[in-house]
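Shared between the two complexes below is chain A, which pairs with chain B and chain C, respectively.
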Partner chain A sequence: MNTLISSFRRNRTFWITLLVLIIIFALGVRGLVDQEAEGGERYKNVVITILRGLSTGSIIFLVASGFSIIFGLMSVLNMAHGAIFMVGAYVGWTVAVRPDTVVDATTPIALLISGFLLVPVWDQIIKKIKISPALSRLWPWLGLILTLLVLGFLLPKYPITSWDVGSYEISPVNFAFAASQGQVNVPEPEQFQGISPLIGLGGILLGSILAGITVTGFVASRRPTTAGRAPQPGALRKSLINFIIVALLGLLLYIFNTPISNFLYTLDSTWLFIVAILVAVATGAGLGILIESTLIRPIYESHMYVLMLTLGVNAIIIEVVRSIWGAPEFTMHRPSVFAGTGEGCPAESFGDLLQYKCSTIRILGGRVRTYNEIFITILGIVVLIAVWLLLQRTRLGMIVRAGVQDSEMVKALGINVQRIFTIVFSLGVGLAAMGGVIGAPSTGLTTTLGDSLLINMLVALAIGGLTSYPGAAAGALIVGLLQQFIIKYGQIGINIPFVEEAFKPSPPLVPAMTVLLMVVILLVLPQGLFGRKE
Partner chain B sequence: MENNTLLKVNDIHTFIGQFHILQGVSVEIPKGKIVSLLGRNGAGKTTTLKSILGLAPPTQGQVILDGEEIQGRRSYDIANMGIGFVPEHRAIFRDLSVHENLLIAERKKGDLEKKEELIFSLFPDLKRLIKLPGTNLSGGQQQMLAVARALVPDNKLLLIDEPSEGLAPVLIEQMMEAIRQLSAESTVLLVEQNFIVASQLAESYVIIEEGHSVKSGKMVDLAADPETIHRYLEAA
Partner chain C sequence: MENTSPSPTRQNSFSDFFKGNRGILITILLLGLLPFILALFDGQPISSLLANDPGKSKFYQGLAIEIFILAIYALSYDLLLGITGLLSFGHAMFFGVGAYLTGIMLKSFGWSLLPILGLVAVAGVVMALIFSIVLPRVKGITFALVTLGIAQVFYIVIQSRELVNYAGAEIGLQGVTPPEFLNPISHRLRFYYIGLVAVFVVYFILKRFVDSPTGHVCVAIRENEDRATMLGYNTFYFKLAALMLSGIVAALAGAMHGLFSPIIRPGIASSHYTIAVLLMILMGGIGTLDGALIGAATFRLLSFWLEKWFGGASQVIIGLVYILLVLFLPYGIVGTWKLRGYKVKQGWVDLIERFTGKKQET
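Then we have the complex of A and B:
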């Protein structure tokens, strides 16, 4: 009892803020109760609004959790997080709607990656060859020119069957529409034009090997002393084997391209959706490794530069997405388990829901969308728990928790912190990409997807506490609920005493109110609700 | 080099930012011995330890461990060669339990299990605190945990920075006893402001002043030389 009181004294502002939030929430709930309706139906709006808030909060959380762990561990504010959320959505859409394009694109990507896996081998070879410093600074530039020539000539010739933003018939918008109608129209696959496939594939592989050598040369010419470490025994063989595996994978995908994409087109949309999630997460994580190891790592101690850099990356990614998928908005169909509308729908109970795979369920007289409100919420909770277990129960999590406080001491214990940084960065960014593909069927696809999410996420983290995991969850929940309550009140209006007409907050007010809440909370609790006072 | 030398620090220079902090520090540590690094506040003792570990990499000079030059390698590689570090101000991980604070120091699975008996015999208190979060420990308990953490993997060399700082006299006794027992199996480079502690533990010493190692020798000789002590160690 005494400790309870003293804990209350110490955290008085926290408890009062929490109390105020709960009172606001209770008032908000009370206002939504429909006094004229009968029985349970009175709470229809309450239930729907809370479920929508949970779902919005889930998406925000998927992005915010990774962002906050990355910031806690590396002090990197990754402003590209929203853009990667968007990439996740677009890549996921492509898997779900145009799997053949994904299969086509995988071959050149695998070939491009494979060359970089040989870097450790080149590193050892370069160390053995003694050349003059001037020459060792010159040749990587020549390598770069050669690489660009080879890849610049061959990559555009690689046949990827995709879409044309400029012509409606084969635009993403139309493909999306067809898919939502359950139609599949597979375009005629393209072939190599003007060069033989052997030259095309071999040339890209050669180009990527050249790129790997070039990168090694640049890195080696920057190294101050010869004080490198001897390679781990077996490391060279491992990188050679990795190279062979990835290059072979690319070639096999080329050879079996048609059967694989035909197989994917026969898959049920639910299975394809699962593939979409996996591919989106892998793409996000891969981009994460690329961004972290090439851009952030060299400068990550200058926080201002990292901030500017990731903002730049954010803008670049948005432009690339716009040029590939086009600016017009389009939709993503829901996986079939959440799309049933036939017999037995809308479901009256969760049993029915499972049996008839309905797209909606009736709760207290209101219709709740299975995918948007229920699936996304459950998934958010699953990820919340999974990441929590990862942090609390695994060695990686232990190192992350230690590194958040003192990464120098972690290094001194003999742990390769740099590798942990890369892993955590790619996991965090992968989570954001997952948020994107999960959210896409409910939000649709636009190139501004990332920006609005980035704002919501920053507000959620400011409210919850920037580096606190429970804070990220609480902040996301608060922002999600707040937004959905305001939207609901925008529809039914708020009755203000002595005012004739009900006040209807308009949708543009939503972001403003969210930011306002953040400002108020930051004024009373500068560290956010769960932030640690330093 | 004599082959009973475990670590030889040879005239290293280290910059922190643009400041030239170490300007020629040499230390030699024979296998199985305790060497004490002495010097006033700000002399560069902690920086010397960090230079050895590569946390503040030296730009000049050599650090030779067991006959192998290790300067310029990455910190974690250096630590994995068998160096344990007990930093100034303990650096206990607040969000990890006592048990996790020990577990994180494992270099291979089972390290902790093998050393548990030794650790609990040196610091019996830790056994009862094992489940507590690191943030709940008192200063003295944190210091013991910091030393225990360095014992988890097999280390040939321990770098210990001011273990007696802020401890009550009883605890200082216990800490000294622990370090004495440790040195039976391992070599120790000990930074210590408390001259009485240092002189009872170490066989030899190196004095650092303003980034230079200025004097070294047998501890017994230093104890009998009040002039040197006054000149380099007492408040100026």
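Then we have the complex of A and C:
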């Protein structure tokens, strides 16, 4: 009891803010209770609105948690987070609607990655060869030109069965529409045109190896002394084995391209959705590794430049996505488990739900969409617990928590901070991509998806506290609930005493209200609800 | 912050002014002659140029006016970020407020120009005061986020259905008729010279502000705010002064945009427009007022040519330029120039050194 009172005294502002928020929430709930209805149906609107708020909050949380951990550990404000959310959504859509395109695209990507796995080997070889410093500065440039020539010639020729943004018949919009109607028309796979497949595949492999050599050359010519790091025993063999595995994977995918994509087309959309989540997370994490290791690592000490850099990355990603998938908006169909509309639907109980795979369920007389409201909420809670366990119970989580507290000290303890940074960055960005796929069936796909989410996420983090994990959860919850309550009140109107007409907040007021709440909370608690005091 | 150097006499300071700003004055002269030079190359007679007949010169005058507007806007942001060190992501709001106020007041209320400009300046101050509510409480990144949020609200409100009669929702504000003596179509040459004068008046006012004791405190706040506080300055007032001045200038730039462009699109109030101005002063060099001018010109010309050559892919290339600038040229054009005192010859020697690894003899 004493500790409770003393904690109240110390954090008086926090508890009062929390109390005010709870009172506002209670008032909001009270206003939604339908006084004329009978029994449980009175609370129909309340339940639906809270569920919607939870699901909106879950999506925001999936993105915000990664962002806040990255910011806490590395002090990097990754403004490209929203863009990667969007990439996740688009990649997930592609897996769910056009798996053959993904299979096609995997081969060149695997071949391109494989070349970079050989970098440690080249490093050792270059160290052995003695050449004049002038030449050692010159040849990477020649390598770069050669690489660009080879890849620039071969990559556009690589056959990827995809869509055409220009014509409606084979545009993503039309494919999305067909998929939502349950039709699957497998397009003819394209073949190499003009050159033999052997030259094409071998050339790409050669180009990626050349790229690896070039990168090694650049790194070596910048190194102050020729000594470098001594290789760990077995490291060379390991990198060679990795290279062979990845390159073989790419080649095998090319050989068994048609059976694999046909198999994916026959898969049920639920399984395909799981594949989509995995692929999107892998894409996001891969992009994360790429961005972190090439762009952020050289300058991450100067925070403002990192901020500007990620803004640039954000713009580039949005433009690339727009050029690949086109600007028009389209939808993603829900996995079949959540799409049933036939007999027994809407479900009356959870048993019915599992039996008939309904798209809606009746709770207290109101219809709730199983995917949008229930599945996303459950998934958000699962991720919340999983990341919390990762942070609290594993060695990586321990290092991350220590790094958030004091990153200098972690460095001093001899932990390879750079590797931890890369892992955490790719994990956080991967979570954002996962949020993208999961949100896509309910929000649809637009190129402005990332921007609007980024704003919501920043507001949520500013409310909860920028570097705090519980803060991210609380902020996402508050923003989600507030948004959905205002939308609901926009439909039914608020009765203000002494005013004849009910006040209906219009949709633009939704983000305005969340920002207003953020400003008020920041005025009272400048570090957010759960943030550390500076 | 006291000036220890002996205060120069009036005569001296006048000639010093000419000596110190030689480059700028030559630039003004060249820009003043630019329409005539272009007409000369195009073979357009002077009388036709003065009558604002269409031609190459008139087209490039339009481009130059856009650069002037962007330059004023970039100057105001440089005062905020480069001089005072306040990272605001809501600066486009000031620009948008200026443009939309001008457009709405001209179109729907029929005000004349001078009261509108006064109103725009007042609006800039009011917006700065709204930002300043959070100024003493939050610092650094959080301030950036709060300003981003506030500006985003403005961006959304300007597009809302309720204001469609005034602001034209997503399409933008169309059909604004500027006063006849400033019509950008029939009196473009006049608009050009007014824009040119406006840019350099703003430039010299801001330069004077930076050189004043208040400006010195602003620089001190950028370098180390705690230390400025410890020296006895109430940093809030200085930051507020910079914010207000910057807000007024940006809003006036917006007003010029509202007068010049045929459609006022809501995009000018979005966060992309803040990022664009960030890119401009990054190109020119943060914290150098000259850099804002050069950066604005580079940015507009670059995007103009890139759009001409690459079409849709130009945005990606601008993004790449942005990233390369941050990675390899963080001080921008002017910053790098000032930092190293680059001579052209030295630059060549460095380039050769970089490729060959051998020390060249200068």
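FYI, the second predicted complex is superposed on the first by the 533 of 534 C-alpha atoms of A that agree within 3 Å, B and C clash if a C-alpha of one lies under 4 Å from a C-alpha of the other, contacts with A are read in each partner's own complex, and residues count from 1 in each chain.
We adopt the following convention: a residue touches a chain if its C-beta (ideal position, glycine included) is under 8 Å from a C-beta of that chain, and two chains touch if they have at least 3 such contacts.
Just so we're clear, the structure is a prediction, and the values are computed from it rather than from any experiment.
In the overlay built on the shared chain, the residue A:E408 is in contact with chain B alone; chain C does not reach it.
Contact comparison for chain A: of chain B and chain C, C touches the greater number of residues. By the touch criterion stated above, A:V103 is placed in contact with neither chain B nor chain C.
When the two structures are aligned on the shared chain, A:L118 is found in touch with neither chain B nor chain C. In the superposed model, A:A473 lies in contact with neither chain B nor chain C.
Look at A:V417: by the touch rule set out above, it reaches chain B but stays clear of chain C. Residue contacts after overlaying the shared chain place A:I399 against chain B, while chain C stays out of touching range. When the two complexes are superposed on chain A, none of the residues of chain A touches both chain B and chain C. Against chain A, in their complex, chain B makes its touches with residues 53, 55, 71-77, 79-80, 85, 87, 91, 93-96, 100, 103-105, 107, 149, 153. Only residues 77, 133-134, 136-138, 141, 295, 298-299, 302-305, 307-309, 311-313, 315-316, 319-320, 323, 451, 455, 458-459, 461-462, 466, 506-508, 511-512, 515-516, 518-519, 522-523, 526 of chain A touch chain C when the two sit together in their complex.
The part of chain C that touches chain A in the complex is made up of residues 87, 133-134, 137-138, 141-142, 144-146, 148-150, 152-153, 156-157, 159-162, 271-272, 275, 278-279, 282, 312-313, 315-316, 318-320, 322-323, 326-327, 330, 354-358.
Residue ranges on chain A touching chain B, taken from their complex, read 225, 227, 229, 395, 398-399, 401-402, 404-406, 408-417.
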